[in-house]
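First the structure, which I've put down as structure tokens, then a few questions once you've had a look.
As written, the chains take the letters A, B and C, and residue 1 is the first residue of each chain.
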Amino acid sequence: MSNAYIPFPSTILDVIKHTAQEYTFRMSYTGDVLPGQFFEVSIPKYGEAPISVSGIGDGYIDLTIRKVGRVTNEVFEHYVGQKMLIRGPYGNGFDTGLYLGEETVVVAGGTGVSPVRGVIDALSKGESRDNKYVIVGFKSPDDMLFKDDIKQWDDTLNLTLTVDRATEGYEGNVGLVTQYIQDLPLSDPKTAKAVVVGPPAMMHFTIIELKKKGFVDENITVSYERKMCCGLGKCGHCRIGDQYICLDGPVFQYDKAKELLD
Amino acid sequence: MGHLDINVGKLKKNAFRYSKVRGETASRVRIPGGVIDAASLEKVVEIAEKYGNGVINLTNRQGIEIPGIDLEDMDKVNLELQPVIEALNINQTQENGGYPASGTRNIIACPGARLCPFGCYDTTAFAQKVDKEIFPNDRHVKVAFTGCSNDCAKVRMADYGIIGMTEPQYDPDRCVSCGQCVDFCRRRSVGALTLVNGKVVRDTQKCIGCGVCVVYCPTRAWTRSEEHYFRIVLLGRTGKRNPRLAEDFIKWADEESTLKIIKNGYAYIEEYIDPNAVEHKEHIGYIVDRTGFEKFKEYILKDVQLSPKAEVAQNIYWGGKHYDSF
Amino acid sequence: MGFVIPRAAFNQIIETLARRYRLYAPVRKKGAGRFLDTDVIMYDEVTTADEIVFDAKSDYAFKEALTPLSEVLFYFTEATTQEASFDNRPLLIFARSCDMHALKRLDQIFLENGPEDVFYQRRRELVNFVLMGCANSFDNCFCVSMGTNIAPDDYLFSVDLTAEGVACNVQDEAVAALFKAYGEETADVVPAHVTENKVKVNLPEQVPFSVRTDPLWDEYTVRCINCGRCNFVCPTCSCWSMQDIIYTDNGNVGERRRVGASCMVDGFTDVAGGGSYRKKNGERMRYKVLHKIYDHRQRFGINMCVGCGRCDDVCPEYISYSNIINKVYDASKEGE
């Protein structure tokens, strides 16, 4: 019997530094994987941390890691050419096919951009791009992730980039992601799709705005970050109600997600 | 009332009080360890109603005092007290003669392990056991037992303060590093525990054996030692000259040694007490102030076989209040 | 096959079985309780029948045989990962009906929820049961309400200590051969089981969402001290946490282990960066209770709780979980 707990080695192909705290590690990987899924990244002797897939390419996955815990701090000491032990992918991930032909709004905040980066990429490469709206928010210009991608999304999609508070020299939008929702020029909010990922409070208020705009629960998709420890439905930490985030999530339709009370 | 001719010394030695109210006395009912059966307490009530003035004093040292007794009724009260004395298993010099009074005070005990979750031994039983060994005795000695380092019995105000200890036993295989022992040791005790590599490390120098870790462990990773241990603290006192808290003498002492140490103290008193002491009573602490601690230690450790675990203080320095200027 | 044999003969059978199996049974640990001179009945390996406690409910459950409180999964060196070895001798567990039912719940989590858990599975394969009959209900038991008062059939033999001798329903051929050496087969022996408990619970078929935010939980924010004892004694609680350990300060050797976890204890939901959920103890109580009597059933078809009542036995704050179930039932009726 294969042991699902044993991680496999993966080589660091590239390290992209977004901010002082956030790097993307491009890791060698071949196999099925979807945006929104996650891997358990393991530094033997330090532990494991669940990290969302922030990009998928030929022979690699991107893991964008924030320096916030014991394991993730250690990860930052790793460089191109070195190996890390990973296991996964876990969780359901996003079905990007759901959005390609539809009027779609993606709202992402902070590190929440990681799990939807693959979704936005798919939309930016899709056929009908005019009815795709992306609102991306960060705390400040210094916290911005995926700057290169954002430039490209700005060219191909209807992008709104905003920060909660500006720094000197910054000339873009200032304000929470929620304040841009009512102005979206949607043809029919009742049938439009939305994807919302970010910190709990940001998701909460974004959904309120979307519903005010006319969105229905069934058309809103969210991704829930919880303490995913084993990734295999065993350790119990990520369970909410009858759902195991690591198996059944982290991506949920909001009509289901709203019934999940922590 | 006829002519009163009372031997006050004899009265005091018979556990009656010299009262400020002329013609009256109070009967002092000593209750070793502070536990009395309900029937005896009813008897006390009966005496208070029949011979006293209908009230009962609870004393500072867990005894009872029945005030308002006519000095002429002492013999009758003694007769009535006989069943109480028997129920409390008091060493008596003369049947139906009431309580033999003493310089040695009633032995105090907190409720201990009979009731208290933190109790590390049966304080009542130990108090009663020591009572049988040292009573009656004319020398002024205070002994007090408390179940754990909380010291609810305030044993640090006594000549011999006995504080219960347990040596926490740790089974790392049952430990899930929930951290509650570490947290509660810090918040309720001395902070002797730390989590290292997911398991708990106990600083044996810091640990006072209070058992808080055992009480709060949800998995039984922490349990109590089979042996009961004691911290013996010495020569605390109240009073007019130099009130002070008792200081630590031995930690991780065993029961037998503890008993012997308390008993041994009397020979020292006989040898060194001030022959002119008022009413032949002198706190041991003041005697030790004169002879030095070494001499006292020599006496109390006579024939005491401490276990290798016991740690004995080489020297003790007391502080406390001196009424010299303020 | 039924046998009623003298205790001495039974003791000899157990000693023989101890050579074939690791016997795992409730034993009395003198003085191991929280308080002085209090005992704890917990599971441990035995070699004789006299060590086994038949006349009381165990304070802790048998689950530790399958999901140890602390278990090493791998050893690491700089470049290698090696699965930890384990005791692979067959195991014979003495358990009551409720606990045998609990096994099914553990199986659902470790074998049916996502991929199989190898570390569980390798132990699970070794497990056999002896059913300890329950002639009487113990304090706080509510197995009848939970439908777990009659044991599943997969035990080698049952044990009931009766005035006539040790009554056993032997279902395993090899064990039956042992019994035959000590006595004649008698008429069928039916393992004793409880048909009524003093404690009864009403189980809500549906728990409306409104019950999750009902004020009934607020009381426990104040009363519960989030110690997690209820989880650790529960035969069906199986949550755990991963831990990595380095043996020396700068060494390259270490281990990855898992240890028991409790949804009531602080830290259960902590995520990297400092976030956590269910900060109030009332919320944790709601999370635990609804898992036991509803959420697990929604996923796996059966209630997780088996009604052993150990959580009520152990709670230092006298919180009655069975009483909470009845409150949830009432609130669910109102919410319909």
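Quick note on the criterion: contacts are C-beta pairs under 8 Å (C-beta built on N, C-alpha and C of every residue); 3 or more make two chains touch, one makes a residue touch a chain.
In this text the structure is predicted, and so the values were computed from the model without any measurement.
The chains other than subunit C, linked only through touching, come apart as A | B.
Taking the mean of C-alpha positions as each chain's centre, the chain lying farthest from the centre of subunit B is A.
In terms of Cα centroid distance from the overall Cα mean, chain C ranks first. Taking the mean of the C-alpha atoms as each chain's centre, subunit A and subunit C sit 39 Å apart. Rounded to a whole number, the gap between the C-alpha centres of subunit B and subunit C is 45 angstrom. Separating the centre of subunit A from that of subunit B, both taken as means of CA atoms, is a distance of 67 Å.
Looking at subunit C, one finds that residues 241, 243, 245-246, 261 touch two or more other chains. By the touch criterion stated above, subunit B contacts subunit C in their complex at residues 113, 117, 119-122, 166, 172-180, 197-198, 214-221, 223-224, 226.
Per the touch definition, subunit C reaches subunit B in the complex via residues 29, 31-37, 40, 42, 60, 68-70, 227-229, 231-232, 241, 243, 245-246, 257, 259-262, 265-267. Looking at the complex, you find that subunit A touches subunit C at residues 1-7, 43-49, 66, 68-69, 71-72, 85, 200, 225-227, 229-230, 232-237, 239, 241-242, 244, 246-247, 259, 261-262. Here subunit C touches subunit A in the complex through residues 73-74, 76, 81, 83, 109-110, 113-121, 209, 212-213, 238-246, 252, 254, 256, 258, 261, 263, 268-275, 277-278, 283, 287, 290-291, 295-296, 298-299, going by the rule given at the top.
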